[in-house]
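Each in structure tokens, the structures are laid out below.
Across the two complexes that follow, chain A remains constant while its partner is chain B and subsequently chain C.
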Partner chain A sequence: MTKSPRLWLLITILIALVMTTPIWVLVSFVFESGGNNWQHLMDTLLPDYILNSILLMIGVASGTLLLGVPAAWLISHYRFVGSRWLHWALLLPLAMPAYISSYTYTGLLEFEGPVQSALRETFGNGISLWFPEIRSVGGAILLFSFVLYPYVYLLSRSAFGGASQHALEVSRTLGAGPYKSFLRIALPMARPAIIAGVTLALMETLADFGAVQHFGVDTFTTGIYRTWSGLGDTSTAVQLSLVLLAFVGVLILVERWSRKQQRYFGGHAKGDALERVALSGRRGMAAFAVCFLPILFGFVVPSGQLLYWTVTTAETGWNNEFFELAWNSFSLAFITAVVAVILAVILAYAKRISANKTVAQTVQLAHLGYAVPGTVLAIAILIPLAWLDKTIDDFFFENYQISTGLLLSGTLFALVFAYSVRFLSVSLQSVESGLQRIKPSMDDSARTLGASSWNILGRIHLPLMKTSLLTALILVFVEVLKELPTTLILRPFNFDTLSIRAYEMAADERLADAGLPALLIVLTGLIPVIILSKLMDKSHA
Partner chain B sequence: MKRFNFTLFSTLFMAVTLVMPVHQASAEEVVNVYSARKAQLIKPLLDEFSKESGITVNLITSKADALLKRLESEGRRSPADILITTDAGRLHRAKESGVLKAEIDRELLDKVPANLRDKDNYWLGLTTRARVVVYAKDRVDPKDLSTYEDLADPKWQNKICIRSSNNIYNQSLVASMISHQGEEKTAQWAEGLVKNLARKPKGGDRDQVKAVAAGQCDLAVVNTYYLGQMLNGKDQAQRQAADKVAVFWPNQQDRGTHINVSGIAITKSSKNTANANKLIKFLLSEKSQQWYAETNNEYPVLDGVQVSDTLKSWGAFHSDSLNLSKLGELNPAAVKVMDRAGWR
Partner chain C sequence: MPELNLHQVQASHQAHTVVNRIDLRLREGEIGCLLGPSGCGKTTLLRTIAGLHAPSGGEIRIGETLMASDKVNVPTEKRKIGMVFQDYALFPHMTVYDNIAFGLDKFPAALKRERIQQLLELIGLPHVGDRYPHQLSGGQQQRIALARALAPRPTMLLMDEPFSGLDVELRESLAREVRGILKSEGISALMVTHNQNEAFAMADSVGVLKDGRLLQWDTPYNLYHQPLHPFIADFIGQGSLISGRVCDCRAVHTELGLLKTHLPFGTESGEEVSVLVRPDDIIHDDSSDWKLEVVNRAFRGSHFLFTLKLPSGEKVMCMSQSHHDHPVGSKIGIKLEMDHAVVFPKALSGE
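So, the complex of A and B:
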């Protein structure tokens, strides 16, 4: 007890420092002058960026809640038609990159697309005046909600399924109906997990570039890119992304506040098997509809469109290169997932056992990486890595006449590091919300029995948190698989991934040819999602 | 659980050691390429080059701005020998930020018309792309069309489609107009154009062609090769859409149609400059030039190269002879003009 907190403090602060280096690099741009570009932005586009970003946040928060929470509740407490496969199928949209989904939906629903063309043929040209524009803030909200709700679903499902079971049984025996016990017991207890899920969805929304760019919705991210690329002004672009970070800072504070307001520690994470109530007839069908709708629009429709393109209009078909692309994507995603989860466990655990406020705050900082648009993050990583490379190279050259070249920034190290910075928040959210459901009294009893901190971590927490760890693993894995902007900037020579291939086709306006690599991303993501989902089932039962 | 962790750790270590040696320097002849051209439009040529010359080509494709940032931060340690972009503005920016060197062989520079290369010989154009007006064959009389300037005329109200001003080709077009007639006139023009738009700017160039075909607008401003790809593609809907429009070459009576280039430069850090020149020579060969003209319907920078039937069908045109470095210099000004005009 005497030594270990100090050790933890050191480790935590070290990790957090390394993981937040890119953020500090960004902050160092605060005082750089970008000429009069700020004035220009305030006069022209900045109000739009702010308004659109806020609208998106409100919309996506509501959308992901509406889609994710009811489905999670139904799946964890009821049995109905298809509930067995819906259970994992609800995760499928995770494997669908938002920008790919945006291509398919515009292809289907735009003025020139098949849906509106068919409607015009049937009802006359006037119908298109009434047809809602898919490329709009509203369209973007729907799109993100259908692609990102799995975060809310996954995190709230593990909360519903695990700790709250006992309290629920009690409430039921005290005569509360299922509806009432959901609202009064389960929902408040799962609140930290639900909010963690929404926070993830919102951060991802704010950092997205591909989809909003395609939809012509001006957000902070498109603004950052435009300032950098169009005006050639890195300083103002970075300062814009700091404003975005401030947005997210507020978001994280709100989330933390909500956790403080309500702290529940459920005891029986490994309690009795769930007694799921059977729903049949019309109620079963309704439950099915609630759970199938998100899959339909988040996964089936866009994959269907991709498949259609691949089969009918793609110019390039399958070739052996795809094996290599898939392997590259898979191995990167796997390595990063493991790294990010290990780091998250260390940080989350340090925060839990240390009374030190600095630790808690440093861990909070580590979340920020997720909200930085990939392009900006990649640049913020290039700068310190290049400096480090230079230092190492100089050292070796002076002492041994060996040039080490770009040891870090020119290799996969840069990519894995960048992904870990970016997705640490994802694994942290999941691990932290898992850890929060373990009673501190358990730690105390273990300590009285002479267990060390490491012992408590290894023998009590980790087994109890298996679900949360697996969740974190899946989420990071799939995130890396889909990731585009960082990969595009930081990868080494002759190293392409599926998402790179999909992007290169799409950016060349060959959407049909982007179909196959995109489908492969989905497939590669699917397999581990299903396997891990089954594993989670077992650890519950 | 303990064993599970152990497995994870060992897998991790194995994976890391397996993946790391991707980057390895060796004694063989190489040339390292940073390309903003997408892999599908450069890799086949690079493979052919390797086969002919025995020189290994290493490739990273990315966005031009990203490659430029990477070159800047890598400095003299950068492994890159070659930078390829799909617009002249970015090459100019690379030159300004000091990551290029002017060591392209004289004989290669001389092959390329003077306005399609840097005046200080830092870069040269490989292919030309023209930004033209396409019109609906059934609704527009080409006699009513004349210049880019004319697109701001109120007679085209609600008739024009164009993509977002985020796009580099729109930025370059506006930069060329600023260069020819000053910022004030261009600003007025941009406002007039925005008033004439049939819909909010969105989608890519192909989408604008589709919108004209579907009747949402009568005119669109697009790069020719997109239309060429649509006409020759497998997608029947796109072929039909492309068939409904025709190409109009703007400003034939005065300065000529706006063009841009995809171009190439040698980086300052290059340690394989001789090989880099060999690669440039290969890309300027008649065979490579023809490949671009046929696969992607881009115009060769060399005279007398065989081009695709699609390109032949559009005929010859008079192109703007503005030195393309100007496009890079005026790009920020162009973006601001478009911002103020409300061109999204």
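So, the complex of A and C:
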């Protein structure tokens, strides 16, 4: 396999270039002047988008910190009622896409909803005048905080539980009590991890389309979608995308920087199994409450509402049309997952086999797709595909008088391509980490024992890689299933998926009918959460 | 008044007892060391003394204060002990100066500066105060961790495998250096290690632990020459056990002849026992008529270590000068140079 490094280099660069097309397309627009509506947009709506985005970011950053950090601290250092299952249950909201959560809270808290109705019955009709509107910036902040805190929880928990343990013990032998130790040692040492978690949550917030759209909060993603679909002004949509990407870019830089810090702060030590302090009585209950509250509003309440809607619409919901939707979604997700895993395997092996630095950097480039919000990505892919379609169509029409139509941009090809660009990073991470565990010395020793390259692949790599490949497959599968804005923009005419159906029903104010498809998405989303918690338990033991 | 006093201390992880009824006394200014293989409970015992692990029985006193018993468990931060961890656990987000200053909150500013400078000079690193831990070498980090633990003038110092993260060449020299620092501060210290050389280089008294029990607490000299347990004989230095029979209360009959001994309490005449034979008890002598067959030889540079077979098939080791080479299978002359044989009851050595 090592004989043709040039071939590998070529293949890698080709894949990386194709998979980063949307980024090149967007970059090529940087010096273009905007479309007809750009000037108008800048004067009227752009300040709103920016203000709303900044408000959301400040709010979600505070919210995820308040929910994620205390829970992580309690779980990593104390034992209390339920702490054993809370430790993984705190990840459950990862299975709940923000847009789906937004539908359930709208249903629960709107004027006709159960909460306000009950309040009116108790306190009289006047109460509804005072009831805060969930479909607002404040509501969106709460919603995102409850759905996205697991990023902060996950990263800060491993920082609290890891190398900082001995440092904390030293601080106690030096006379510092629990509070001083937490404030002066644990928190500063975990700071890079916490910041990394917050930036991930903020990137998700900026990328969200479904929830802000439903809540009527104008942000970049809704603006981009409206400019493109309502006004048909692609170049203005691209200009907006570039502004959004600038925000995302800043977040990526912050995230990279804090990960670098973490290398110094994390230390090299592996602490012994943590000795958790038992909390009982009132303190135990308080700890339970702090850890259960995020799960309650991030997962239990919204999935309960989905379940209720599913049951009430059971008679009409389970029809052929629904199975077609499910089939569309699952087959699309499966095809994309296979494509993304195959590409990831090629790239990961190229990086491993070739000592060339260019290859490693090129592979790194392929991770970029994940940072591009789905709305932006869809439009950036539509532009070159539409151009290709037109070129092909023109060519065939001129020479053979055949119209090929929208060969690429109007078919599933565009969707699979877009998903692959966006989720290649997900599969690549899993495959790369799997491949890292196979040390080069294993290949070498197999070779000294007389095994051929194919032999090594089949007898050593495949058995060892099986789990990582499967994990990559499942992760991409679920991501595709949940995806909304890319699907909305790129789907072929009359092609519906579960997420599209949920979106359309919610847009038509038929929230109960959104229950079944949404519930199916959430249930499938639980699989990777379970895998993740299993992995955590392993590294925990 | 001993500085550290353990009485019947027990500790467990879940239901598993890892420290079993340990009694131990450390005098003021004394440096003690707990030695044992991994999993023997030595680190748990150290953490129990520090208050980082709650004991399941017994009493711990430091100075005159009762730190832990059935009713009392003083939290770590109130015990006034210093602790150095295997990974040093320096605070990565603080400079060396701030690390050492961490335990000195109650010192007035001028005194604090003075104490820190004094410690930095004591450990031979007077100019690193502004640096961050990751800018220092392993040996430097180790000494900073020591300085940080000593800064608040604790009643005693605990060290968990303090040298195991360092290169072998550095270990012993640093161990001697640390011993000097501790003696100049006049502080009692208890260290945990699995390395015999470190223990002997550092400690006034050494305790050997096995399966949560303290088998012997003694000077390094006595541990080598008068081990109370075959495990200690095996763990410290080299040697082999051969069988013997007690003749009367002063001697034991073995294949090597009648050996003088102090018999352990309770042994009777005629009883079968095990006898410890160290390599330096048997001297190679070409002129001797007493010849044994060489079954293994190891060249150690300064000497040869021969394994010799006794007529019964039992084996003993013998040291010779490095120019006395003899092939495996040949017979070499020996003579015995043994003051007092160390004898263990058969039941113990079967373990």
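Some notes on this structure:
Please note the rule applied: the second predicted complex is superposed on the first by the 305 of 541 C-alpha atoms of A that agree within 3 Å, B and C clash if a C-alpha of one lies under 4 Å from a C-alpha of the other, contacts with A are read in each partner's own complex, and residues count from 1 in each chain.
Everything that follows uses one rule, which is that a contact is a pair of C-beta atoms (placed from the backbone, for glycine too) under 8 Å apart; a residue touches a chain by one contact, two chains touch by 3 or more.
Bear in mind that the values here come from a model prediction, so they are computed numbers and not experimental data.
After overlaying the two complexes on the shared chain, residue contacts for A:Tyr49 are found with neither chain B nor chain C. Of the two partner chains, chain C is the only one that A:Gly177 touches; chain B does not reach it. When the shared chain is aligned, chain B comes close enough to touch A:Lys390, but chain C does not.
By the touch criterion defined above, A:Tyr149 lies against neither chain B nor chain C after alignment on the C-alpha atoms of chain A. By the touch criterion defined above, A:Asn494 reaches chain B but does not reach chain C.
Of the two partner chains, neither chain B nor chain C is touched by A:Phe330. Once the two complexes are laid over each other on the shared chain, residue contacts for A:Phe220 go to neither chain B nor chain C. Which of chain B and chain C touches more residues of chain A is settled by the count: it is B. Of the two partner chains, chain C is the only one that A:Met189 touches; chain B does not reach it.
In the three-chain superposition model, chain A touches chain B and chain C at no common residue.
Chain contact summary for the complex, chain C toward chain A: residues 50-53, 75-83, 85, 87, 89-93, 102-103, 105, 132, 134, 145, 148-149, 151-152, 154, 158. Chain A makes touch with chain C in their complex at residues 163, 166-167, 169-177, 184-185, 188-189, 191, 264-269, 275.
Residue ranges on chain B touching chain A, taken from their complex, read 1-2, 5, 8, 11-12, 15-16, 18-20, 22-23, 25, 32, 38-41, 58-63, 65-66, 69-70, 73-75, 77-79, 93, 164-166, 168, 171, 199-207, 210-211, 213-216, 226, 229, 233-236, 238, 241, 331-332, 335-336, 339-340, 344. Only residues 40, 43-45, 106, 110-112, 117, 125, 135, 213-216, 218, 222, 225-226, 228-234, 312-316, 331-332, 334-335, 338-339, 375, 378-379, 382-383, 386, 389-390, 393, 405-406, 409-413, 458, 462-463, 466, 488-489, 491-496, 500-501, 504-505, 507-510, 512-513 of chain A touch chain B when the two sit together in their complex.
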